[in-house]
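Both complexes below contain chain A, partnered by chain B and then by chain C.
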Partner chain A sequence: MPEYKGMVQPVRATPDEMRKIFAEPVPDEQKPEKAIEYLDEIRKKFRSFVVAMESCVKCGQCAENCHTYLGTRDPNNIPANRAELIRKIYRRYFTLEGRWFGKLVGAEDISLDVIEQWYSYFYQCSQCRRCAHVCPFGIDTCEVTFIGRQLLHWLGITPKLHAAVGGAMEKVGNHTGLPKPGIVDTLEFMSEEIMDEFGVEVEFPVDKPDSDIIYIPSSADFLLNPYTLMGAGMFFTYIGANWCIPSNVTEAGNFGLLFDQYYTQRGNVNRLLNAAHELNAKKIVWGECGHGWRAAKMYVPSLADRPVRWPLTHVHDEAAELIRRGELKLNPENNPEPVTLHDPCNYVRACGLNDNMRTIMNAVTVDFREMNPHGVDNFCCGGGSGILFDDPEMYQRRIQLSQKKADQVRATGVGKDGNGILCAPCSICKAQLYPMVEEHELGVHVHGLIDLLAKALVWK
Partner chain B sequence: MPCLTVNGVDIELDEDGFMIDPDLWNEDVARAFADSEGISELNEDHWKVINYLRDYFKQYHIAPMVRKLCQETSCSLKYIYDLFPSGPAKGACKLAGLPKPTGCV
Partner chain C sequence: MKLLIGQILPYITVTLFTLGVLYRLGRWVGPRIVHNITLSPWPKTNTEVAIRVGSEAFLFRNLFRFDKALWFGAIMMHLALLNIIGGHVVGFGFLGEQFALIPGLGISPELSTEMSDMLGTVFGILLFVALLYLLFRRLTLTPVKLVSKPSDNLWLIYLIVLVGVGNIMRLFHDFGVGYEQVRDYIVALALFQPVTHMELLNNGFFLTHYLLVQILLIVFPYSKLMHLFGMFAERWIVNRVYKDPAPGMPNIDVAAARRAGIGIPSDDAAEEGV
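Let's look at the complex of A and B:
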């Protein structure tokens, strides 16, 4: 069971697994010294981080707004305190008062214990940015978690799950390790399923040159989320799009955002742009993946190594625009069940998808009930930033982290008769909520949003 | 590294109990995994699921979509959970000697 001095920790990648993603683990005796060297480098580059280090007054506003703290009641999971785990080191080495007065001003020497503490707490944070949203100083504590995880990665400490995802991306271009024959076989199966269930002919072109649209699905859709994959195919077929799925980047996620914003994140961006270039695509449309859409929409322009000549949109943006223009014929009665919407944090607090998701939801369902709070104020599912660890200890922690979400879903009453739908249009949210709706006995099925849209389409 | 010994052969497992080298799999290995998963006996339906997973993996180097597994074996997802209490990925795939699925699954 992964635990260090009473702190839960995810299973970590072996040195060999780290090397597969081009990271060389630092020997333990050198870790403290290297941590300071890397921290120094990073603080000079990221003003957002320095603002977080210098400005917090510990007002406590973030505490009750963090689902991790609400679920665990561990004081180190209060966002201000979590940031303090790095701040005490920052203060010791990079401020005058810290160098002179040390512990008297809350500064602390770096040690392996501190680094292990980072590993425990920066991987309990979901990077959901709800604390940033309520901070009166506008401190984005997520940036601190980003940097904590970056330092850990450079030291050679990365969860096995994240490193495996990085390795699979290097190898085949998606997180689940799907090679092209598996992609094609699953898509053919989806075509058959659509014919059986909806009676329409839908093809899923793969690697089709000169496509107007390349669609970037989450690879988890190929294993766990059939209706999301079918939904995208049905939507593009319905609008008569010239589209395809690129087998070289069958992945909407970019875990680089979550553990390595240098090599891994940039590598994934360039892999994407290479695929768009090779297929001579005109536009890139993103599938249902929260962090991945943030990584694409907000980071591609600055991480690309070339002018980005492809418009980058989300499938929800595309669908909402067509609904507003009256170009989709929809029958909301096809989704008669009570539905509530879990807003993926990155969609609403980073990418402005709030209104478009509701435009779709209102057009395709008859009994849509909002959670409270919702939209930009929504709480995380508890799996955000890929903390989908499933060893027994961390799995128990995931149940705690989803407690707030469970309370919210229950309060809507959608699961009262056992036939409710919890719409969670993001692969991490889905992977977290599939087991969590059972653990909390919520009486709902988890679906994506494009799933519901496809069911409501009225075919000519 | 954890290890499972079957018929005198040491089989290396990862931290989650999945086989490192799928080529070492045989039916006795599946039975040994069944013990550790609390499955008392592997019946015909267990083998149907295990063999389908193995055949699919041999051909495509990946586990099938869960929905396809259910259809091709005529087992509902609920029934698969009855057969393999840890579920299709963590239970059935483990017994079939497949690597642990990665990503948002």
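Let's look at the complex of A and C:
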């Protein structure tokens, strides 16, 4: 399956899996017609989409600035061409020039083949917004693929991975399908680990009523990135916070942003706010997850369906603020290894976290080396927007998509002695980079930023 | 021919251009900015927004940062174009004597006309060369070739021809038209008076240049040239003021927590005498 007329494609969810996330697949013969109908609906709603469709001058500047084109040299991975996959249809059906001049201006009739192209190339885009950042007009191809993926979802085409994540979220409130007893067990185990390794007593309160702060960890931190969650626990304990983790939302991610910004994303937002309401919390603090933080910070206001009483901040914002005020005693010598920082795209181009990450980094490490380019100009890890597909064809693509990142890490020289740290404070970045640092033999370990902060805390 | 291009078409052109642009802009106003998709780092005030958008619109900041060669070609082309459009308005309006009107410079009307001629010639050639460069780039650089549609190349060729004819009129005076002729013609058009008897309409180069401009204006609203407005519409979405919520968590007193030794196992704490 994961190939269609020479295009790689992620494995798709079965009709039953689609129904579990409340989408009814459209039969193939009706897909083209329905696609036009849905596209018409959406273009009348989103100005971001219409302006992106009608303003590109094809200057080509975005090409060399997208890691997917750099890694694959596939023409359809040039942002302008990726957007063109839907623009050619938009032109044909919704503009006069498309109807009059057809091929001359690149208009094309809809067909199943076009829809399959969408599926292949909209799911190679990691929605990192580097194209928007470099485009002379700010044309945001990420926004175009958001809408392309939305159309695909309504047609019943969603990757198995994304649908499974959506289903698990619906059922237990996280992506890994971990139920409350499992959460509590894991957290107890983490407390013991912290005691063994750092000699401090840290408790992880769950569902504690009247907590001042609820902390939303990425569920991957329970299994794959334990040091990030342990680090958050140590941080909140160190500062004496009245905090807890709500068992109903143990997920910083929101895949709704990535495949269904209507039902799924809105549902997750309301699930979060209900949890804050029930625990009578005063503030919501977010864990390390790039797209999830964007979905929370930038989309809660427009999806909440109610006044939002809880200020939302990222744990990096809070840690950086305390560092600036000189309230944390830190020993950077605890992190003696050479470190480089991979800026999660969503943090730097959609959430403004650039400076705060560096405030923390500089305070907790001794040998921090910037990548080139870094910060807001940084390239994506190649896994963004959840394209962490494991089937052989797509996995091969992931290696290509991470090529640029690998070159960047190598150029910093942190992995020369095999003890370097690649700090990537986002769950998707981590999941992409764990295997990729091996594939590219970079000589680094992947860590979160809170991991490093916790190690540097001086307790007495 | 003279009647059509010189007398009738101009009114049609102006009407179609205006309605077309309004129609297109109307299509952008209907849909809303649904979610906040500003690009960070965010401007914190409207002045910062204006600086950001202004530097993109007039200096092509992003092109400069990420592709110097394209920046150079693009800024030359647009700068020359801007001056030529301005030159057409001012030059015909003041018959080339505009610089003499600036007080304190002591420029004579003759000198002003000469300067006007000079600037027109320079920018005309600059525009022509810049367009050639952009076409060359479009036909040779792989990524640009890959994103081009036939219409992208055609637009450049069209402009090259349009500008080429204009340059011929300027460089070879036999083929040119006088400032005065044009002014009288425009005035007559504006007053809805007959113009077909006018001498400049016997000039084939002028008719061609004039026809090409009118066709351009009619097609403008349905073409990539709408990026003139599209750029501001897109920037209005992705460059807006955003203010971060203040950091600081409720009921946090780090100093007190550290004094109380929170997290330090009690046997340790006893040793320390806490």
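The rule is simple: the second predicted complex is superposed on the first by the 459 of 460 C-alpha atoms of A that agree within 3 Å, B and C clash if a C-alpha of one lies under 4 Å from a C-alpha of the other, contacts with A are read in each partner's own complex, and residues count from 1 in each chain.
Here is the rule we go by: a residue touches a chain if its C-beta (ideal position, glycine included) is under 8 Å from a C-beta of that chain, and two chains touch if they have at least 3 such contacts.
Everything quoted here is computed from the prediction, not taken from an experiment.
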| item | value |
| --- | --- |
| Room on chain A for both chain B and chain C (clash or fit) | fit |
| Which superposed partner A:Tyr119 touches (first chain B, second chain C, both, neither) | neither |
| Vertex chain A, arms to chain B and chain C (CA centres, degrees, nearest 10) | 150 |
| Partner chain(s) touched by A:Val134 [first = chain B, second = chain C, both, neither] | second |
| Which superposed partner A:Val51 touches (first chain B, second chain C, both, neither) | second |
| Partner chain in contact with A:Phe379 - chain B first, chain C second, else both or neither | neither |
| Chain A residues touched by each partner, larger count belonging to chain B or chain C | C |
| Touching partner for A:Tyr215 - first (chain B), second (chain C), both, neither | neither |
| Which superposed partner A:Phe204 touches (first chain B, second chain C, both, neither) | neither |
| Partner chain(s) touched by A:Val11 [first = chain B, second = chain C, both, neither] | first |
| Three-chain overlay, closest Cα atoms of chain B and chain C, distance in Å | 23 |
| Set of chain A residues, in rising order, touched by both chain B and chain C | none |
| Touch list for chain B against partner chain A, complex | 15-16, 59-68, 89-90, 99, 101-105 |
| Residues of chain A that touch chain C when the two form their complex | 43-52, 54-61, 63-65, 69, 75, 78, 80-81, 84, 95-97, 100-101, 103-106, 129, 132-140, 143, 195, 199-202, 212-213, 234, 237-242, 261, 282-283, 285, 298-299, 301-303, 311-313, 317-318, 320-322, 327-329, 348-354, 376, 459-460 |
| Residue numbers on chain C that touch chain A, as the complex places them | 24, 27-37, 39-42, 56, 60, 62-63, 65-67, 70, 74, 141, 143-144, 146-152, 154, 222-224, 226-227, 230-231, 233-235, 237-239, 242, 244-258, 260-265, 268, 272 |
| Interfacial residue positions of chain A with respect to chain B in the complex | 11, 160-161, 164-165, 168, 174-179, 181-182, 185-186, 189, 193, 218-220, 222-224, 226, 253, 289, 386, 388, 390-391, 427-428, 430-431 |
